[in-house]
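Order of writing sets the labels: A, B and C. Residues in every chain begin at 1.
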């Protein structure tokens, strides 16, 4: 493994591939700006999370095997999604014949921001982003990958995304009333418990609006897709960008 | 009614739903603030979790030890395998005492066993003495929260209720005034009750004692004036040593209401001269849950309610939407064990955000158990359609070509279909949200054009 | 088979591997102990008094029925303790002795030896507990160490006046137990 230019396998969530290619592009360009050698296995499809969360983890064996075969030989696997990364680490069905590969993937798969802070040890990013930014703490990244301290726990406060963004020139990190409440997407929950999902999304948007947020950002397009869907239906002014897009735009 | 239906109903009254959410968030916030004044908070949670895991790994040993010590202290010990037997034991004690009117302090276990209707059917007047429980009793409702039974009611509703039942001034909503009226009304009941029933917060195997925690003092007002005290407990409420109470009592009230400790923590070891104390040890599905590897740890629960206060779904749908004695996140992992079919929507009434697990004082991995129950439920009760569509989805995601084709189809379809078709009511997503805009090309297509 | 046997057999049949019971560390508090205790009692809506303040307060108030279980204030009693605690239903003031207090939460420990009737601290309208300043412990951990293996048929941690917030989360003092708690720190 070449520490100077690690070979990163880019893992782009299926809905990002289909609906938000700009996030995939931003992630790729950003990793390259930090000196990574990035490859994108063309055969990739989906991590299987929607099926597993709906109660069909046992039926995701095919998806899991496919993922492992595509990604097992990279130094690192990086995805612009906390929930997909968490799923690969914790909810792939146990495959006896691929035990070693599964363990290795568990240890080398990262969500984008934690890859930047923990592995590349990125510090003092130089760049401009003169906007009032509101951070949405997507739950799987927040409490699954511990990308930031949780408001309900007693510990030293930290936030990996904030540490990357806060030094950008002109960026104002707006404090919310509820810093890490769920947006209500939850995968199939968004349609099976539609009324609740909507209410939770609206409440998150209200919180950002009440704190003058111009750009709502986060590490998971699934949450953003849900919030953006409500915002555009209701004609709300707030704009949406994935963290990768902000960083990629700000850094030349 | 399924959870989604009940939740939709609850949310129709937007102002009330918002008030309910904010009130419970306020309690969660109090819990956060006080937990941060204890530097060793997370250590306490670890200790409590380990103590409870030890208990669950040798529950039979501790139960036998508890019984031996309790009997030595003059406490009478009964065992009930299910709710029916529990209720029969209570009734038989009352009949022996020739008692037809009792007072009862908060016990979710007695709710679980539906004790009140059983006793009433047998001619016993039951008065719930916790203020919140008395209120819901007057309304013929179950409690909507295990610690804050009347959290779903506004003071206007309670004022109207008390005007009707207790003849308080019409329109007087002052909580102090209403509480005082309840104090006078219930005092009379305390003074006349020969038998008082309580729950049990903790039973100590080492000493045979048990502890009852209240803020109001209603448990004690009942038992110290009565001749007979019946204490009902689930078998999982045992803790090994007296000193373990230090850990649990430091965590309980702080987690439940954000107070440093409940006002009264009464330790019952021996009856007063001439009086009786009975403890009823109840199984009612607990040994079955103990046998379930993935769900055993749900029995660590000390019934603090913190998971309900933090749950964004509970706060916006209310306790009644779960249709179970214990609602909220913990209820959603306990109830399917009792009746998987009846409670099959509960583990899906969650986004798996994980906040419940973070606030649980005994570190139950609630959100992981919710995920595991989903796997169990689809094995037995997955609607045929959903199972098929999931297999199909796996088929698509297993094959890059199938994925590409279906992705293209989906994106093309969304571009060309009229809005009315996309936003048809059957498509729930579209009720309140727009779909994302469809880009010209997928990331894959861009990559192939620009990078290969 | 009795329910006892069937329950115990069901548990034994699962045959779980024993998990270790942890040793408990002795956590303390960072604040000065008397200050912390006072703050806790006041936070619980109780009141702290010095002995002088208490005697002044006692002489200024006139209660119909007062009972003191504390010898030092026996003269404050104006009734003979009835055999039946029901006869204390209109007791206005009870003066009791606490064994010790806990600084982190204001909890005061009493057992049967301080309670001629277990009902007294609950049935009385107002409650005074006399406590030695030198008998304060930082946390419940030290409290249970102090209690040790002591046997009493009944023990109580009481931390303030009776209260409830069951009506729209509004705090109301004086639910079913005593409407006030004054702690005399001597």
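Assume contacts are C-beta pairs under 8 Å (C-beta built on N, C-alpha and C of every residue); 3 or more make two chains touch, one makes a residue touch a chain.
Only a predicted model underlies this, so the values are computations on that prediction, with no experimental measurement involved.
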Chain whose Cα centroid lies at the greatest distance from that of subunit B: A
Taking all protein C-alpha atoms shown, work out their mean, then name the chain whose own C-alpha mean is nearest to it. B
Round to the nearest whole Å and give the separation of the Cα centres of subunit B and subunit C. 28
Where the centres are mean C-alpha positions, what is the separation of subunit A from subunit C, in Å? 51
Distance between the CA centroids of subunit A and subunit B (whole Å) is 32
Name the residues of subunit B that each touch 2 or more other chains. 39
Could you list which residues of subunit C touch at least two other chains? none
Quick one: in the complex, what on subunit A touches subunit B? 12, 14, 16-22, 24-25, 28, 40, 42-46, 48, 50-63, 65-66, 91, 139-140, 142-144, 150-155, 178, 180-182, 184-196, 198-201, 203, 225-226, 228-230, 232-233
Can you check the complex and tell me which residues of subunit C touch subunit B? 2-4, 6-8, 10-12, 14, 16-22, 24-25, 27, 30, 40, 43-44, 85-86, 89, 104-107, 117-119, 121-123, 139-141, 143-145, 147, 149, 151-170, 172, 174-178
Footprint of subunit A on subunit B - complex, ascending: 3-4, 7-8, 11, 17, 21, 25, 28, 31-32, 35-36, 38-39, 41-42, 310, 312-313, 316-317, 348-355, 357-359, 367, 371, 374-375, 377-379, 382, 386-387, 390-391, 393-400, 403, 407, 410-411, 428-429, 431-439, 441-448, 451
Touching residues (chain side subunit B, partner subunit C) in the complex: 23, 26-27, 39-40, 43-44, 47, 50-51, 53-54, 56-60, 63-64, 73, 79-81, 85, 129-132, 135, 148-151, 153-155, 158, 175-176, 178-180, 182-183, 186-187, 190-191, 207, 209, 215-218, 220-221, 224-225, 235, 240, 242-247, 249-250, 257, 259-272, 281, 283, 287-288, 290-291
